[in-house]
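Both complexes shown next keep chain A, but they swap its partner, so chain B is in the first and chain C is in the second.
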Partner chain A sequence: MAEARDYRAIGTRPVRPDGVDKVTGRANFGADMNLPNMIHGKVLRSPHAHARIKSIDGSRALEMPGVYAVISGADFPSGAEGEISGEGGGTVSDLAMNIMARDKALYHGHAVAAVAAKTAFLAETALELIDVEYEVLPPVLDVDVAMEPGATLVDENQHTRGNESAGPSNIAAITKFERGDPEAGFAEADVVVEGDYRVPTAHQGYIEPHACTATLDEQGRATVWCCTQGHFDVRSMTAGVLGKSVGEIKVIPSEIGGGFGGKTVIYLEPLAVKLSELTGRPVKMVMSREEVFRATGPTSASHCKIKVGAKRDGTITAATAWMAYEAGAYPGAPVGPGCMSVFAPYDLENFRIEGFDVLVNKPKAAAYRAPGAPQSMHAMESAMDELARRIGMDPIDLRLKNCADEGTQAPYGPVYPPIGIRKCLEAAKVHPNYTTPKAEGTGRGIAAGFWFNIGMQSSAEVRLSEDGTVTVMEGSPDIGGSRASMCLMAAETLGVPYDVVRAHIGDTESTGFCNVTGGSRTTFATGLAVVQACEDIIAECKKRAAATWDIDADQVDWTEGEAIPKPGVNIDVQPLSLADIAGSMGRTGGPILGRASLNAQGAGAGFSVNFADVNVDQETGKVDILSFTAIQDAGTAIHPSYVEGQMQGGAVQGLGWALNEEYIYDDNGVMENAGFLDYRVPVASDMPMIDTQIIEVPNPSHPYGVRGVGETPIVAPLAVTSNAVSDALGFRISDLPLSPPRVLAAIDAHEED
Partner chain B sequence: MEAYAYARPTTLDEAVSLLAAHAKEGRRTQLLAGGTDVLVQMRSVDREPRTLVDVKHIADTNRLDISSDPVFIGSAIPSAILNENEELKSLFPGLIEAADLIGSTQIQGRATIGGNLCNSSPAGDTIPAIIAASGVCVIAGSGGTRRVACEDFLTGVGTNVLEADELLVGLEFPRPQGRTADGYLRFIPRTEMDIAVAGAGVALTLDDDGTCTAARVAIGAVAPTALLVPAAADALIGTKVDDEALSAAGAACTAASSPITDKRGTIEYRNKVVAVLCRRAGANARDRALAR
Partner chain C sequence: MSKVHVVTSVNGEPREMLCEPQQSLLEVLRDELGMTGTKEGCATGDCGACSVMIDGRLVCSCLMLGVEAQGVDITTIEGIAEGSTLHPVQRKFLEHAALQCGICTPGFIVATKALLDRNPDPDETTIRYWLAGNLCRCTGYDKIIRAVQDAAAELAHEA
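Showing the complex of A and B:
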């Protein structure tokens, strides 16, 4: 359906509609909602990584003037049932307990109580007067330790799914899949490489902390303003935790200051609603940065083992992957997608993949850009680099030799439709940054990246105003410029200029259901709904034109934004533009609007190839990224600047994770670097300009060929950095981050050998 | 509950009597220069109410004497003013290098080197550079004015010799003569907006044939306070400040450090890196002195 075509609007780079208001500070974010009589909620958090809560007494806090309410786990219904909709999954019960601990606090920072008071400062002071009696338990803090038989149990009632008879375990689930005969494959190999790789916990690092304001009307129906990637999912999660119907809750999304997956789940909303219910006042809750680090979802630390065997010519004969991911305190590490993505770029006959979802006394993992893929693909793409070295082959050639194509059965099951990995590899091979030799003393590394992308449910409504301007109403919070893309697709479909289209993100009662902005689905799935809704408008416009001209609607064509009689229809009339039809719609049948709702299929996998040159200061261990090139298949780039922005932003997040980002815990499970000073995301001057090249292999499941582009970019940079640093040093450091102390220690250890 | 208060004395006497009066009544005060430490701390670690006493509206703290000997830098002068002053830059390239590392352009519009010193963090970037450049603290108090060498000013992590009724008026530096120059380097894992894992300041005087006749080496972030390392200076004096001498000076810095292992670096790492920084900062100071 979608081959490369000439477009009028698609592929242009207009300014995003939300840009100027964000730059000037006019835009409203999560913490910007204020209401009359509003009070402030704050959360009391566990000072222990693992402790039984023996009692909670809020009476001293309640005596303080200006304190209105104190709540704890006992104020919430127990035994919530059901699964969470949306991207990450999990149960409502785990979500409820993560938001407010019940019998046990399972990580340092776990919410154990909350208070509402006149000011935020008073609320914080009141927290100190809540008396909690704990029985402190030893924490289990490391994935390998947690998997050992006899390890301290995070949850005595946790069993390995499918193996309940074996008794309680920190291993919540095991994923396994296999094809062919890996042992026979290894026997055929000329070269076998094996490696052991660790990736630390990393936070999404969105600039805007979680924030919400909740109020109840006289009938007890709640309205919640919040920053989120998906307000419909906030509604269902909040309802689930509170034991309410979704019909009793309305959620209004604000502008969002970053999410990267971390705002697909909730932490504050049910607490704010509960506090508002108890006090009869609007309640605002805003997290501090420290709370964001201690209590909101990072992504999993991981331990991966990879073994790859190949012939001298580079043909891979077998590969195995073993991976264990830290889930945090509740099941749900992204180890499933880690397993599914680890070999995704390759056409393999023999492989085995095993993954473990492991509980530890740390915050519950949440989605982070391509959840699970950076960890496992860091391991595989590092192993591929070793393999290329061992057989003396260019690392791009090695990947081309084993590259998956249209028709290849993906390691995770389906047969690939058209995909772009080969084109990305070929583009890398001839890219000037790759054909230029690296500078003396520096290192170069390349790696491939992948993400599935998802479809899921979206709705859109497109409304025509009387002057021909167009309003697109949809329900996908805009975290990466999606409103601009919606406007472009609407403009393209209707044949009108970009400027006459305005996209709006409706609240849960103003627009149809949309799943979260996540899984790189919005431009694909919500975009599809927008296109279909525009087609609805076109159909109606043709009817109105036909009625005006007194011909049949199927005798009318829609081209370049105008209704014209089909060729061969013998009638002497002027074309009717969208604005003409809009101007007379009151007389021709009333307002015109189009709508579409769907569960989108065929999201179209996104592949990338990245490479970088680095310098390593051999005396301090500091790694400088000298250049970085990101090449990625975008299907069709609706707004190329925002596709490039995704590629650059993802690259920087991946590089940050590779270089310095990590959670540093003390022996008691207390995070020592809960702030941006010591949780080191890169600053602008750390990074070179990220060069981008967009490859377009249109996705046949979308009218304009869109594939998701938001998540793939973070995947490859981890292994790119490892491979480049290894190239510079002449030996491999398998574990991340490649922080100066780790690199210098490795250099010293290597010299001693 | 006591509230925050703000005072804006316009003379040293007024400032000192205000400090003394508050001290006598047991009321808390805190001096305020650029506020880039004070405001951050007030919003995070220590929110207890206090009276902020602004030092920026006093003539003496705003004095900048560059052509005199000693050179005087008032404690209210933001580092942006210092960093943009060509004469200062050429007199004390190392000190200005250090001042220019603090924060960002925005931060430097407020931050003072006096505030950096009085905050007395072990990792304060300008402190080793001030010590290397022989900085002397000019202190005003109820008893009059006193002078304390910068290396004797610091007493521990976040503490110094200032009494409750005293404030720093400014810093005096002997005017560099002949082939004298300084250099400062710190190590951070990023390129900016970070806290030194280790730092080293070196000031050198060379004679006509390039032999070092005087040297001061100071290190930061590797002990409870920034330290003057006389052994490192001794390793340089009498040499051409060649690789061998610089290595010996680096080794002396390692020997003088007593770092801790924390989220910012291990003991081993800091011990190694402080030597590297001493060597590199020493080479910079040497090259600058040779160019004079």
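Showing the complex of A and C:
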């Protein structure tokens, strides 16, 4: 089991290997790829949220000079089968129809055709000449309405999973689990709180729009350059949609300008390959910001009902959660993880959890940082705050009273290995930002956060150069500094300085399979592969040293980056450094490389506790975040600056969702704020510094104790904000966002009561 | 549509380019001159990823036409380092881990240089309001603000 210990490289804060390219503009992102003879593709999108497509005619567009091809759903194979591998899941068939509508357009912005032309401007102009005849249908736009019997159906062939005989329904799936006897638990309670909470649709808001460039050669082999969180999954998804085998497609990842889950799925790649096939030229496709908002996966809007009962001393006797999440036009809302995370920080005897995956005429939801957890935990952590108030207990003490520990059976099933929630709560309790009284007239809120983290498949290869420099080759796109973490773990394992290690992200044909950079898995799982590949190198280096010294390899130790004879082996030799061995490897047996491939288990759950002080302007309803403190268990922080960065960035995304971000639709299902001016993500002047405290409860399933840190940070800020605003106002606003119009309306309504 | 001949200066070098009348300066920089360090995040002037300096003034290059660049001095991210030496702002962004994905970074660095050129000693609030036109979705701004403060302190020390 990993224990906190002294490291040479791990825990330091060196400059990231890819840093210079990113501060000079040299780094190549998705839209930066250009090829000779390249042309440009654009997508025609449905102007209706729900419509039958009666006909599509591209002939007028094709007559335009400089227009090379027009495609629509008819150009893609029908009846695609199979499940999508990787984090998000879903079927290839739904993916294919989401990328290009077939007989029905299911949301405003749904792709119905695409064109390739000499320039992007020309392609856009040609879109206006594609004639589409629609039969407009009424849309269903709200999760509660969609669940009602007799509601307009998004898909007449959709049945609730496991209840296919009951007729079609917008409810695609129901998740239920239960432990103990919740009714008996509520009967024992001294206090019961109940609440109804709504969280709006929010977008990941990555600054880089989706982009790809594709070519198809004369043998039918495709090469795709794109910005993605996982190029191996792009390969399999693109193959699935096109009816090709993965061996016919090579995917080369560019640098990625943010993803947060939203770039674990594909939208453009099969279209670009198909357009290249028809034109014989490389095709580049880049989304506009408006397309990103209208047609790529946001996360689900949700409606959650929570009921919690407790004794006067704070012991929770029962809890129930009911939650309905909007999936968008195809099944797959993150309601499963929402259900599994809602009570995760607590040790509960009696609970019931029910979740509903509900179709509406909106874009298909995609993963967004801890998918599903912010919505459900906003509800539970708000209810905990109400409970603390009702029984007159400090909200941290209430959480400590019910806190899960190592050995607790998690509400979602497994028994927890060592976890950090208690340490985070204890750290919050004595944090100077918490022990300092809040300023007069302000509000303070606290909440816990959680994410499972995942392992999944990773590969790594480590190679020695003749001068002893080390090249790490792996396949996890670096979205926030992971190359630095890989280099630090390699340097630590090999016992060499950080700056002799380089890390590269290989394409699908130059490195082994890796699942997406998602689920907070990269530093854990790909890091584990890098460590094992380095151990492979060490084993080979020991053999080379043993051969040089004419002793057995098991008589050699590897210490501080050098091979030395084991204690008791009496030979008079100088230690051989990694560089020494690398310098002579051509004479001692040839090139040295190490490799590892694995399906990582034991990712180790990540817990956090966040708190904030806020001011609410009674005249305008504007909420200002005065201070924010994020405390989180990172297992072991490999590069603490990037761990802090995850905590700070996740906090501000969560605060944006809590304060302002929401999809605003008109009655026809048209998003009215599809741009950064009106979909307002936090800017620098909205935020204070974000104070961080890293807790380290090492994960026993990783040699250096790593647990994922990327997703947990977005979870707590939603309820932190709700709880702080409630504290400031003296009453609760249950729904998000706490934007000035909502807060002002609530203040006015409260004054009238 | 015939293209328009434009004579301009990019990072101190005279350049000639042929622009379509509707092309933004951002498109001309990226697609005609091959200078892809300047990024497109929105094309509506909301995100600042395409920040450049025109005659020393900070501008969103997506909001300016290429043909309007006739006779001006354009500074892009490619012109911030001096030869092979990083500008202190670039170095401080690296040292403070003030970037995660890096797509917004060129815009932030150009905007920061524009700030420090005119105000060498900005306080935190000034920095936050000056950079309010540049969106970063990864960092939560904390480390960016600290990098800017540190760069300002170093430049002041050098002066």
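Details
Simple rule for what comes next: the second predicted complex is superposed on the first by the 753 of 753 C-alpha atoms of A that agree within 3 Å, B and C clash if a C-alpha of one lies under 4 Å from a C-alpha of the other, contacts with A are read in each partner's own complex, and residues count from 1 in each chain.
Following the convention adopted for this analysis, a residue touches a chain if its C-beta (ideal position, glycine included) is under 8 Å from a C-beta of that chain, and two chains touch if they have at least 3 such contacts.
Since this is a predicted model, take the numbers as computed values, not measurements.
In the superposed pair of complexes, A:Ser641 makes contact with chain C only, with no contact to chain B. In the superposition on chain A, A:Val652 contacts chain C only, with no contact to chain B. Touch criterion met: A:Val15 reaches chain C, while chain B stays clear of it. When both complexes are overlaid on chain A, the residue A:Leu677 reaches chain B and chain C alike. Judged by the touch definition given at the top, the superposed model places A:Ile479 against chain C, while chain B stays out of reach. In the superposed model, A:Ser685 makes contact with both chain B and chain C. Touch criterion not met for A:Asn163: it reaches neither chain B nor chain C. Between chain B and chain C, C contacts the larger number of chain A residues. When the two structures are aligned on the shared chain, A:Ser59 is found in touch with neither chain B nor chain C. The intersection of chain A residues touching chain B with those touching chain C, taken from the two complexes, comprises 121, 677, 682-683, 685-686.
Within the complex formed with chain B, the chain A residues making contact are 121, 619-622, 659-660, 664, 672-673, 677-678, 680, 682-683, 685-686, 739-741, 744-745. Against chain A, in their complex, chain B makes its touches with residues 47, 187, 189-195, 197, 262-266, 268-269, 272-273, 276. Those residues of chain A whose C-beta lies close enough to touch chain C in the complex are 13, 15-16, 18-20, 22-29, 31-32, 34, 121, 204-209, 255-260, 286, 288-289, 479-481, 639, 641-642, 644-646, 648-653, 675-677, 681-687, 689-690. Note for the complex: chain C touches chain A at residues 20, 22-23, 30, 34-44, 46-47, 49, 76-78, 80-81, 86, 90-91, 93-97, 99-106, 109, 125, 127-129, 131-145.
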